[in-house]
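Which chain is which? They are A, B and C, in the order written, and residues in each are numbered from 1.
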Amino acid sequence: MTATSLVRLIAFLLLAAFITMPQGFAFLFEPLIAPGAPAIYNQGSLLVLTLQHLRTVCLATIASTVLAVALGIFVTRPSGAEFLPLSRSLVNIGQTFPPIAVLAIAVPLVGFGEKPTFIALFLYGLLPIFENTLTGLTQVSPLALEAARGMGMNARQRLVQVELPLALPVILAGIRLSVIISLGTATIGSTVAAKGLGEVIIAGLQSNNIAFVLQGGLVVALLAVLIHDGLGLVERVAARKLGRFLNEVP
Amino acid sequence: MVPPRPALSFDHLGFVIAVLIGIALFAAPFATYRATRIASGEARLVIEALPFSMAAALALVALGVALGAVLARDPLGRLGSAVIGLAVLLPSLGLSAGYLTPADNNFARVSPSLGFWLLSLSFSLLAVDALARMRLGPFGRLAALAVGASALALLLLSGIWDDLSILKEYDTRADSFWREARQHLLLAFGSLAAACLFGIPLGVASHRLRTLRTAVMQSLSIVQTVPSIALFGLLMAPLGAVAASVPLAAALGIRGIGAAPAFFALFLYALLPIVANTVAGLNQVPAAVVDAARGMGMSARQRLLGVEMPLALPVILAGIRIVLVQNLGLATVAALIGGGGFGAFVFQGIGQTAIDLVLLGALPTVALSFGASVVLDALVDLSKGTTPA
Amino acid sequence: MIEIDRLTKRYGATLVVEDVSFNVEEGTLTVVVGTSGAGKSTLLRMINRLVEPSAGRVLIDGEDTRTIPEDELRHRIGYVIQGYGLFPHRNVADNIATVPRLLRWDRKRIAQRVEELLDLFQLDPAEFAHKFPHELSGGQQQRVGVARALAARPALLLMDEPFGALDAVIRSKAQDDLIAIQRRLGATIVLVTHDMNEAFHLGDRIAVMDQARLLQYATPAELLMRPADDFVERLVGTVERPFRLLSLTPVREALEAGHAEGEPIAASESLHDALSRLLWTGRKALPVADSSGAIIGRVSVDKILQHGRPLP
């Protein structure tokens, strides 16, 4: 446990150091580049790009969480039950859409820049959260629900006090999956001129500079691993309260 | 216990679908006309996009479907009306393209617009909902897929859609389309095969050795969190180095840029679901069954091949399904590092703001993933059927 | 008093509960017993309107339950189910506090009530208040389930197979605890079970149901002596009948003057227990003591046997 927290801490410090003062790491990348080419990305601040990247992902995830959880609640209520079989099949079909396709189709509709990326992240992020909200809400123990009804909780009290808290770990797992997918998809967003870390990679690919590709890739990968890890921690705390233990393997 | 519903009554989902159909027919453009490939589009309503008799027929059929969606509860009836709707809608799109394109004009482009997309969305929603309620068995779903695929093939081969812009795009790059298609399938299926060859034995070993399992799972799940474009990029460096220092590798086509890093990245992504599902599949084999097999004197190898693997098969197949769908999607990113595949059209299309080109890459990808997931879901169900749970 | 008046539940053409009427006196424990599918649970769930009756009504102290909003009604009726349905995300204290919180009791009053109930159910508040349901044994979960149902001092407690998930040893202890608590609180309880022994052990009155209908509603002794029909007679069990009768009769009833050797037996114990002691020790009679321990007479085998058959 302590060993993994140490690894986490080191990874975080390395990442923070690299995005704030990348020049300090130039010596590591010099062997990879052609003579005369810049070793460190020089067309913008890594820190700013990282923050922009995170902002897009964060906003999109919040938007998809709100809509997906609301939809998940709706189709599990008696009034929305007619939409349940359809919504399940739509989730299955939706997952066969590659995120890049969603991104690509959004561009002609809303133009270049942040907007198509946001739309793609938002739409694609809906699926895992919606699916997990459904799973979480439908696997709430029928006994607990019966007891709640028997004690005179109304539908809203049952939802807020029993169903949502019990479904929380599963919903959180969906949000985590959604964030990780979005981090990657946002990178591809740079092909449609969205601000973010993808810029670094694309610049590297265009100028044939492996060092740039490596820098962009490393920062995104470290971000993803750290966020994945951190959200997993939150989930375990939520699940432990319920006496359920997530698999030891993350 | 619940009293049966009457066959005819108000349906909420049907109501939503009917509203969508209404908007599509009267308030949204059916097709977009552009004088040249990159000119800005002009919207055409149903009534403008088709000869009057055709437009009226389409509207009548669509309204009929809307009525059916609201009133018919029987899934078979709903499916039937959705199929009739699609059977009229899809060819009429091709007719509209022919009708809107001036004679002997090769530059004008006609593409489907919001109204068409909404209509096909409504009809498909109705069909999907009906199919979901019918709870078809694996063979039923395969048959439905086969019917859908043949209908699509018929539409494409009949030439009725030939005036549509996306097929004009296809026409000008038919050769490269099939080359990229081959490349896409090679990347997706090739890396899947490699991952199975390597991952299933690794899964069996991890099932036996606890320490190996923890190490393998942890490192593979870290790989899984690395975004695809980053992993492609990260693999370019070592593979480039290999190519530079090992001439044989370079001769085999291993290069920093191109298909090799993409193939390798897809392979790495594919490992986790394969290994994890092999382990999970073997874990859920009842201990009593393995014990009985041992009691009957089966050797370790006989137990594995004759008892454990067949019982774990459905779970392993479920892993393969995840990987295949994931690979078919991720393979589009390969184009970014020169790996080819349908992504090539997508990224070219983004570069030229040519939506038809984007769709030329995206639609086959979606169709492939969808087909693959239906086929593998059916296989998973079938393998469950033959092995007693 | 709870009055159940011609209650009927119909699903389509199927009658699940047909025209059932009986009254439950305040402070008594009534057991509804029958084979599975007899309609017992549906009957119980119609009392707190988890199932809406197709016909008939339920009166609590003269008030028709249909005139009370559903949720408010359920706040006033405790409900315990098999498996308890404890909320896994709330600790013991929060589980017990569920209904008081719904009723917006103030915090101090809730804390006081929770502590009181934990004491009543022999769960040390310091140890158990902050435990989560998954950290409790089956018997402890059951006690928390009952405590939670009693938290807001309900006028009536409904229990649906409350001991069904317990093993035999813990079950009989839990049944004794329930009787003690019921006596102490003077609670009115309607309990559903399929277990005849449990019915005889717990019930002040027993309602026997079969195929949606109420066959007989009577005290345990009446059920033994004058079963309404063959089905009740078979259900009561012809072989165990005399022993059940003896279990229901206190030693006091068979008291006679005179002296006997041996360990005295309390006048409040059952003749079944007295006979068991006599058989095991091989004696003909036992001394009988009152609650203060003074010997007040004796009880003999002959006299006990007279009580094991219906009166002429």
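One rule holds in what follows: a contact is a pair of C-beta atoms (placed from the backbone, for glycine too) under 8 Å apart; a residue touches a chain by one contact, two chains touch by 3 or more.
Keep in mind the model is a prediction, meaning the values are calculated, not measured.
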item	value
Chain closest to the middle [Cα centroid of all protein chains]	A
Chain of greatest Cα-centre distance to chain C	B
Distance between the centres, which are taken as Cα means, of chain B and chain A, whole angstrom	22
Centre-to-centre distance between chain C and chain B (centres being mean Cα positions), rounded to whole Å	60
Whole-Å separation of chain centres (CA-atom averages), chain A against chain C	54
Residues of chain A engaged with two or more neighbouring chains	none
Interfacial residue positions of chain B with respect to chain A in the complex	11-13, 125, 128-129, 131-133, 213-214, 217-218, 221-222, 225-231, 233-234, 236-237, 240, 256, 325, 328-330, 332-333, 336-337, 343, 346-347, 349-350, 353, 355, 358-359, 361-362, 365-366, 369-370, 372-373
Contact footprint of chain C on chain A as seen in their complex	141, 143-154, 157, 161-162, 165-166, 241-243
Chain B-facing residues of chain A, complex	32, 79, 82-83, 85-86, 88-90, 92-93, 95-101, 104-105, 107-108, 180, 183-185, 187-188, 191-192, 198, 201-202, 204-205, 210, 213-214, 216-218, 220-221, 224-225, 228, 248-250
Complex interface listing, chain C residues touching chain A	48, 50, 70-75, 79, 81, 83-89, 98-99, 102, 132-135, 145, 148-149, 158
